[in-house]
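Naming follows writing order (A, B and C), and every chain is counted from residue 1.
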Amino acid sequence: MDNLAINERNFLVKYYFRFLKYFEILKISFLTDTTYLSSNFTSGLVVFFRIWIFTQLYQITYATINKTTVSGFTIPMVIWSLMIVQSMASSTRPSIARKIQDEIKEGTIDLKICRPYSFMFFYYFELIGRFISSATVNLLVGFIAVLILVGPIKITIASLIFGLILLIFGIFLDFLTQYIIGLLSFWIEDIQPIIWIYGKGVFILGGMIFPIALFPESFQKVAEFLPFSQLFYSASRTFVSFDYNLFVKYLLTQIVWIIIFYALAAFMYRKGVRNVNINGG
Amino acid sequence: MSISMAVKYLKLTWLVQKINIMSAMEYRLSFLYQVFGMIINNTGLMFVWYIFFKKFPEINGWGFHETMLLYGVSTMSFALVWIFLFGSLWISSYIVKGQLDNYLLQPKNVLWSISVSRTDISAVGDFSFGIIVFIVSGYFTLGNIFIFLLVGIISAIIFYNLIVIVQSLTFWFGNFESVAEDFTNALLGFTLYPQTVYRGALQIIMYTIIPAAYISLVPVRLIKNFNFLDLFLMIAVAIITFIIANLVFFKGLKRYESGNLINVKM
Amino acid sequence: MNIIEVENLQKTFKTKQKESGFKGGFQSVLKPQYKIIDAVKNITFSAKKGEIIGFIGPNGAGKSTTIKMLTGILFPTSGHIKVLGKVPSENRQSLAYEIGSVFGQKSQLWFHLPPQDSYNLFARIYELDQSAYLERLSFLIDSFEIGDLLKTPVRKLSLGQRMRCEIVASLLHRPKIIFLDEPTIGLDVIAKQQIRDVIKYFNEKEDVTIFLTSHDAGDIEALAHRTIVINFGEIVFDDSTDQFKKNYIKSKAIELFTSNEIKNFDFHGGKILSQTKFSLKIELDTAANSIDKLLDYAIKNYDIKDINISDPSMEEIITAIYKETRHG
């Protein structure tokens, strides 16, 4: 079937085939990940231990100030929130930024550029495949851990649905930032420090150790505005304690950042590829 | 192993890594970038606790200053391993990729050859950070400097031994790279929480299965209130883990030499 | 005393078999299946001081396994093996002071450092006397012409340059025997020649025993005094290289490219393998006819644009040997 025929194909058919392509990529990524059962298991174990430590931390902390809720959050709510954020965050590791850097450094990016699929979406679907398998295990272990350690919390259908929406956007936003960092390899020799600093940003301001809801007022305002909190924290917080107004605020913040980063990513990619062509890579 | 041999190995270790670092310093920009990147990275970690302790000023006698001391000690022992014995973190990878052979052919102890085969420049940033944070922590006294260095070295040895043990399990379990990595990260991660957090069953785990206590809590205890019991405890753990590490590694190496490893490219 | 002594050496591997997919993964844990591989079946040979031995065979024939046993990386399943009078797997570290090795695909130099730094480190690791080392180093630098490569990080060197630096590293401590595993792999013709020349020089000057494996028959032809061929874990040929050449390198393939059309190419003693309008590939029996006779004929009758001359591939030679030993 020659190129002309492909281009003239029905719009729906074209997108169907494109979807199949990406689905295959997702499938391969998923299968690769699940063969490493033992490694998934231990990363789940690490999650368990971490949650345990946090439970004790907050139990002691709350006991010190003699309260059962802080800023509307009970200890179980705090722990559930942290568990979800941490499970999601570790499911996106190892960072695709590193993979992209390796490809750019080794020059194999040329292969990807020449192939008939979008560079960005290739990585996106690969990430999703990995994410689904990792997240399933992480969440499973996480759920068991929090149920044992702090017991259940009240979750409503609304919080699930709206939280899921924020999660989907959040994953895409995280992907975009990792992708952009990876693309920096076109110009920067070693992006490792940037990966660290970004990771720290997520760590501090992404609600991984300390739910943003518990931040002092001034810090909270800043944190909710920055993209770090919009990756997984906003979804997690919504799952645990749904608030419609907050949901809308979070969603809008996410969308704004997504638009900015997407534009930035597209721009960097085009510039970077041209760079490669001019300098020979 | 005699004292003179130990001294020889120490000298060689210093020499190897000195050359590695000096060589990296030739790329001035990249060197500073990595070092400062790491300092900023670690400062970020501290910042979370800063926010936390702003909201909850003190939990059972543990506040922000104690956290700084903890970080000073932990990053110091981490930095010592990552600068001088970074190769130990690659044991698993070398085994799986069949790259052990080069080290087997060296006229020196195999475990040592592998351990010094690499260095992590960014750990120089960790080293600097550890010192800075210790100075700012409020625990910076003349006497404490000596204790700080002493416990830093002993916990680095313990840390190294634990890494070797887990990495060497690859000789039996093939695909162990990420598990080994998880263990190391867990170890590191657990060193970074306030002492008061570890009670009950968790405390037992911190002293046994994931022995992070010896590279964080015990050293901090020693700086706050020096006592010989804790010191002997640390030294004992260092010796025991060292013996186990060597046993496990060299037993595993025998397996490698039989050529019967699974998942290994011979 | 022989430098190498191998008697009835045998190596058997037991590898786990794993079926694909999830079920296979569980099966391999609960009820593991093993496959026995006889990598080296029963080989016997020895090497004298100053000999260059060419050790060849197809992939999977047992070459690397044998070298690994000789250097102590693997221990044998049974049999007797001694290098410099010591059992390799039991004396690996002490033997390391007297052995040099270059594995074509694996580097022993620190990747991010310039070779100079690696050499200095090796000098300390091998506990060489400083002044003797420096003298030795400058001699090696001259012989291998790596003077202007010393300060360049290894990762920036070309393959040929890196190979020369690797061989220098393996000679620093004046080993009595060096193991060269595919030292010319991936190199161009000129680089290959350079390496071969220097290896030969060192062998003659310092009586270093050399154990060489290669896929390139040219390496063996140029360097080895003796050739040992291994196939399916067994030695199928062990004799002088001259004998090897006489028996098996009996032809050359010559490709001619002309600017005028080739018609009626009539040269006796050569079998035409393929032919197009402007090119011709001919197999020449070197025993019966010399190359220059063929070239004479070609040049006299055609306008020659380009010529390629190649040895039979290692695979062809091995196949011929194997066929022969089956019938012989």
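General remarks:
Here is the rule we use: a contact is a pair of C-beta atoms (placed from the backbone, for glycine too) under 8 Å apart; a residue touches a chain by one contact, two chains touch by 3 or more.
Computed from a predicted structure; not experimentally measured.
Among the chains present, the centre nearest to the common Cα mean is that of B.
When the interfaces B-C and A-B are ranked by how many C-beta pairs touch across them, A-B comes first. As a whole-number value, the distance joining the C-alpha centres of subunit A and subunit C reads 50 Å. Subunit C has its Cα centroid 42 Å from the Cα centroid of subunit B.
Centre-to-centre spacing of subunit A and subunit B amounts to 29 Å, using the average Cα coordinate of each chain.
Taken together, the subunit B residues at the contact with subunit C in this complex read 12, 15-16, 19-20, 23-24, 99, 101-102, 104-109, 117, 257-260, 262, 266.
In the complex of the two chains, the subunit A residues touching subunit B come out as 36, 38-39, 42-43, 45-46, 49-50, 52-53, 56-57, 60-61, 64-65, 189-190, 192-194, 196-197, 199-201, 203-204, 209-210, 214-216, 219. Considering their complex, residues 30, 33-34, 36-38, 40-41, 44-45, 47-48, 51-52, 54-56, 58-60, 122, 173, 175-179, 182-183, 185-186, 189-190, 193-194, 196-200, 202, 205, 210 of subunit B touch subunit A. Interface of subunit C with subunit B (complex): residues 11, 13-16, 39, 64-65, 68, 71-75, 89, 92-94, 96-97, 99, 101, 103, 106-108, 110, 112-114, 117, 120-121, 124-127.
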